[in-house]
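Below are two complexes that have chain A in common, paired first with chain B and then with chain C.
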Partner chain A sequence: MADIDIVIEICGSAGEGTISAGEILSRHMSSLGFEIMSFDSYPSEIRGFGKCVAHSRISNQQILSPGKYTDILVVLNDSHSIPQLHAVRENGVVIYDSQPPAYHEEDKSIAGWMAPGMIAYGIPLHSLANKAAGSARGRNMVALGAMAALFGIDEEGFKTSIMKRYATKKQVVIDSNVNSFEEGYVWAKKNVQKLDHLTFSKVKLRKVTQNRIIINGNQAVAQAALDSGIKLFAGYPITPATKIMEIMGKELPKRGGIMLQTEDELSAIGNVIGAGFAGKRAMTATSGPGFTLMTEMTGLAVMAEVPAVVVNSQRGGPSTGLPTKTEQSDLSLVLAGGSGDSPRIVLAPSTVEECYESTCLAFYLAEKYQTLAVLLLDFFLSNSIRNIDEPSLPDKKMLSANISPSKTDLKDYRRFQLTESGISPRALPGTPLGMFVATGLEHNERGKPAYDSKTHLEMTEKRYRKLDGILKEVSPPTWDGPKANVDIGVISWGSTAASAHEAVLKARKVGVNAAFMSSMLLVPLNVDHFVKFSAACKTILVPELNYSGQFAAHLAQYLNRPIEKLNRITGLPMPSEDIFEKIMEIADTQKR
Partner chain B sequence: MPKFDHYIIIGNGPAGNSAAEVLRMHDDQARVSIISDEGFPYYYRHMLCEFISGKKKEDALKVKPASDYKEKNIRMRLGQRVERIEPETKTLYLKHMEKVKFTRLILATGASPHVVPSLSRFEKHFSFMSKYSDALKVKPLLSPARKVAILGGDLVSLKFAKMLSAMKKEVTFFLYKDCFYPFELTADMASAIEKHFSGKKIKTFADIFPSRIESKGKAFEIETENGENLTVDIIFCFMGMRPNINFIQGSGIDTERGVLVDEHLKTNVSDIYACGDCAQIYNPELKNYWISVGWENAGIQGETAALNLLGESKVIKPSQKKILDVEGLKVNTSWWKEL
Partner chain C sequence: MDHIERFYIDEKLADIKKDGFLNYRSKELPTWCPGCGYFGITQAIAKACNALSLPNENICVVSGIGCAGRYPIFMKAYGFHTLHGRSVPIASGIKLANEDLTVFAVGGDGDMLGIGGGHLPHIARKNIDITLFLFDNMIYGLTKGQSSATTPLGQKTNSHTKGNPDSPLKPISLALAYDASFVARGFAGDLDGMQDIFMKAIRHKGFSFVHLITPCVTFDKVNTWDVMRNGYHPIHESHDVTDRIAAMRLAEDQRFFLGVFYQDEKRPSYQEYLRQIHSA
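Up next, the complex of A and B:
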């Protein structure tokens, strides 16, 4: 039995079924027991002729990053796919339409661009789809059928996955898709002589468990919010966060909640703070441009000590930037955006599993510590599809975190009472004797505006004291690798952390003395752990998806040492291969 | 019009590859493309026997790595079939519906297995060993096969029979001495072969041929002209080669058995050349056409065609005679077969 770890890309035009084909492939391979990590990229325009790529890494081993190089490129549109060839491995496979309806001029066909060493399989996608269903629309399914035949994927199981995908459609749609798949399968079996060595049929698989789910980052956030008892979602649509809003619109009303599409982002955060004030769990989701607007009001959540959860799924910036490309360039904004000293919680999940976990944590911490909690995702993580073990639901403690005033407290209720933990018992509106003034102005313990320096200092210190408690609530940063005398320490965050972890594991396999650290909790940062890690490492490398090295700069203030940076702003997720190369480069330099 | 010349070579064997190398060596600006309907990269055909026997791995067949083409900026279009040539517009029509323009063209399409007319009705039962794709088909069939028949009409068949015998297969060899390829088999040679095969326990029919071949389940039943019946698991046919020129028919390029070229390897159509196994070369001294065989000749012709395409006036000459060993007998041959 062999191992397999391959990347498949399906590339076509918007409307050609590219993303659907990728989704079906991923779901089917997951159902067989493979690990999958999928990532779709699509044009900013709602619909048209833009380029779509469904990228799937499939393995029987643990995978942490999407993979930089393509083993199999399925071409549904030649001109869009030609630029994808650069990522195809030297002996990679290209499946293309060998019988389009009309002649292409020279070099408009992908066949003319393949590099020496690539293996090309021409499949008459158009004509087979027409034969199967009387329309060329099904050529994505023909391509899937050919893939199944060529790479040893079970035919009947695959058909079942197609039927499941289109189960809500009319029978004619289901039949068209299944028939197109069948045509591709039979044709490839009969006519293609296999020249590559890729096959899924001889792979040893982990046992498929019943409660394994396929989910992307946005879905994980939405599910976690629902499981955490969200009652209001207010938002204004923006890529890549809109999907969260769509799920909320569908699911929240079923649970007695409200999804409110507001006129803008400022209104959205206002609604969330309002609901939080009323004691209801609430959330908004946006991207960099929307978060910029929200910073006008996020300070209110901090100052008035109201729970609020904000998701910022980053995309390329600044301004409207690159709506459908990934980047990690909102870090500085999220860490420090807004007026005044405004301590907040910032959680940056690095995997889909962590998207769920961190969302549950955000609701819990925001409620308990009565403040703003920001979840920092990115386009890649939002859209990254993984098959994961069904996450554990938040427990009672997580679901009911508000520290309510006791009867004694209510005898002389001080909503902003100075406490050692910084948490003041919070009375919800309507609580007898629990009336108070909530304001964005600096205030005293009763909420009455007070601008004297003593009050401002005491209240600021109180708000900052909450961070100590938060730090104790969250698991310390992940430290994988030796605890002393490390040659290269890699620190990363967000989605890049997963790629960095994979790169470090690979480097260790080839004998490099490397270690890895990342933290889901960015604010408050567990500085002690980072300082210890830094002290154990000869060189520190911080890879991230922004130009200036925002996290490296943030860390530098605590670590007080030179930091090697690896920055990418390609609009694509950080390849673990690039981090691995950088590690090897540093290792070479250290040897000299 | 293209900014630079586009030299296209159809064929990815020794002739095509040596032509591409020479073109790139002398013209670093032009686009150089090789188009081949075979999907596997340039490989040593003579090693296919060792490949199917498991003595050679796939990588050992490859003549050069893909990086070599990348470095030389030679574009490889593998697994692509040219279906039609339009010399007037200098356009190739590819099967996958792409039109490719050329400024000059070299035909180096090689040859395919030939089946003598008396056997053509049985062709569907035969396995061949002329291409990598043949070897891929044969490899899984050969392993479980116990009994093998060879219809032997060329030098490769002799080598192949010995290899199968060494693999402990029960081999029956039909020696087609009257249509042997690429030289005529004398009576002495035929008897030397029979003698040698007998020592290897290869049953040889020298003057008796199959009169009926039928499939029986996964096996094949052969009835010989003298009424003998035998059952085998696989039948190989080696009867020499025929130039691959079908797609050229109707293009205006003169063909006969192969593509007709002069001693400069030019066809009757300007800017189109042919070389290697597909070319039928005029020899002014003999006032007749010849077809060459052999890896080395193909390479020399590829070079010559390329140089002439670039403006030189090289004449192709038959290579020196070589002495071949046919089962202990020395054979003088130039590796050129008179038609």
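Up next, the complex of A and C:
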């Protein structure tokens, strides 16, 4: 029984069914028990003739990154696919249309660009689709059929997966797709001589014990919000966060909640803060340009001590930037965005599982500590599809976290009472003796505006004290590897942390003394753990998807040492392969 | 002399107790200039709340920044003094979260029509059930006398010493164009008129837009109490408040009218509408 860990890319024009073919493949492989991670990239034009790539990594082992090198490239469009060839392995497989409907100009044919070691399987995608369904639209299904035949994926099960995908469509659509698949399968079985060694048929799969669900980061955030009892979602459409709003629009009314599409991001966060003030759970989701507007009100949530949950799924910046490309360059904005000293909660999940977990935490912490919680995702994490075990629902304690004033408190109610924890019991509108005025002005314990230095200091300290409690609520950072005498310590955050973790595990396998640390909770940061980790490591490497090294700079103030950086702004997720190479390079230098 | 003063105070106290508006006033003393029209507005809102017997704890007053921004502090209710121009979205969020609350958004001309003007069309077209009180004194008072979105063209202000070059917005026309389901105007010197309008506005199921005219006694020497008293006319009883075109004609008239311009009682509020489409 062998192991398998391969990357399949399907590349075509928008509208050719590229993304749906990738989705069907991933879902089917997941149903067989494989681990999958998929990530689609597409142009920001709605249709046109833009390029689409459906990228799927499929393995029988744990996957933490999407994989940089392609084992199988399926070409639905020659000219779009040529640039994808550089990622195909030396002995990788290329499946292409051997009878394209139109003549390719000499340098536009994929065959002319393949490296000598690559294995090419020409399949008449176009004519087979025409034969099966009287239209070339099923080329994507013909390609899937050929793949099933070539790489040992069972035919009948695959057909069932296709039928499931189109279950809501007319019978003729279902038939066309299944027949095209069948045509490709039969043709490839009969006509292609297999030259590669890739096969899924002899792979040992882990027993699937739990229900597995296939979701991306945005879906995980939305599901967690619903499971956390969200009552109001307010948002303004922006890539890559829009999907969260769409899910809310569909699901929230079923649970008595409201999805409010607002006129802008100012209104979105305003509505969230309003609902928070009224005692209901609320959230908004945006990207960098929208968060920039929202920074107008981040300070209000902190100052008036109102819970608010904001998702920022980062894309390339600055300004409108690269709307459909991934980047981690909003960290500085989210850590400090807004005026004044405004302590907030920042959570950066690194996997789809953590998207769920951190969203539940954000609702709980924001409500209990009466402040702003920001969830920092990125385009990749929002759209990367994983099959994960069904997450466990937030428990009772997490669902109802507001600390209400006692009867004694209400006798002489001080809404912003100075306490050791920094949390002042919060009366909700409708409570007869709890009336108060919240304000964005500095104020005393009763909420009355006060600008004297003593009050400002005491209240600022109170707001910062809440961070100590928050730190104790969340599990400490992940530290994988030896606790002392480490040669290379890799610290990362967000989606890059998962790639970094994978790279460190790989480096340790080849004998490098490396360790890994990351924290889902970025603010408050568990500084002690990072300092200890740093002290245990000869070299510290911080990989991240921004140009300037924003997390490295943030860490530097605590670690007080030189930090090696690895920065990428390619618009693509951080390849664990690049981090691995960097680790090996540092290991080499250390030996010298 | 002593006797006269005593008598006067007793009479006033009896009046105040009868009106019951102190039930809705906090212990804080307003910080506005003596003679400001906001005192009258405050009193009329309190009287309307009293007449409607609203439980204090179910009232949420949301304000932005400016002289009117301080208003929640002087009211006995839940209050949220927010950011410049943002009272409307925050009031909206409160109402959407808890429909049992009576929610007011209050703000001046700078707050509601200048920096926050972008929210107005949307709260109106969504018809979220809050009452907006626009305290319009035609000037930036808290920052000491700059032109605002309703300062008359050519009026000299501290930011335009040769005369304001910008045409003023017409709040009633705007609200009607935005399809607000309740549109009215009151004058800070007309307590009874305001109370009547406020009660209708608060009872209205949907978004209520109440334009309140008041002088700024400190920074505006043109639009004074006297000028205003003589410049406003009550809307004639024959006006049909369900006729939006007639309302628009009144709004665009050379004369300034006071009273309810328009009310659509048939249109469901935002939350009612959601219930209708999602229960179907």
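As a convention for this text, the second predicted complex is superposed on the first by the 590 of 592 C-alpha atoms of A that agree within 3 Å, B and C clash if a C-alpha of one lies under 4 Å from a C-alpha of the other, contacts with A are read in each partner's own complex, and residues count from 1 in each chain.
The rule is simple: a residue touches a chain if its C-beta (ideal position, glycine included) is under 8 Å from a C-beta of that chain, and two chains touch if they have at least 3 such contacts.
Since this is a predicted model, take the numbers as computed values, not measurements.
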With everything superposed onto chain A, say whether chain B and chain C fit together or clash. fit
First (chain B), second (chain C), both or neither touched by A:L205: neither
Between chain B and chain C, whom does A:V527 touch in the aligned arrangement: first, second, both, or neither? neither
So in the superposed three-chain picture, is A:P429 touching just chain B, just chain C, both, or none of them (first/second/both/neither)? second
Is A:A2 touching the first partner chain B, the second partner chain C, both, or neither of them? neither
Chain B or chain C, by number of chain A residues touched: C
Looking at the overlay, what does A:V510 touch: chain B (first), chain C (second), both, or neither? neither
Looking at A:E106 after the superposition, I want to know if it touches chain B, chain C, both of them or none. Which is it: first, second, both, neither? first
Report for A:A282: first if it touches chain B alone, second if chain C alone, otherwise both or neither. second
Contacts of A:A120 with chain B and chain C, given as first, second, both or neither: first
In the superposition described above, what is the shortest C-alpha distance between chain B and chain C in Å? Please give a whole number. 55
Which residues form the common part of the chain A surface touched by chain B and by chain C? none
Provide the residue numbers of chain A that touch chain B in the complex, in ascending order. 90-91, 96-106, 108-109, 111-112, 114-117, 119-122, 193-195
Partner chain C, residues of chain A touching it in the complex: 231-232, 234, 253-254, 258, 260, 262-264, 266-280, 282, 296-297, 300, 304, 429-441, 448-449
If you look only at chain B, which of its residues touch chain A in the complex? 39-41, 65-70, 74-80, 93-101, 133, 136-137
Which residues, counting only chain C, touch chain A once they are in their complex? 28, 55-58, 60, 62, 72-73, 76-83, 86, 88-98, 100-101, 118-119, 121-122, 126, 271, 274, 278
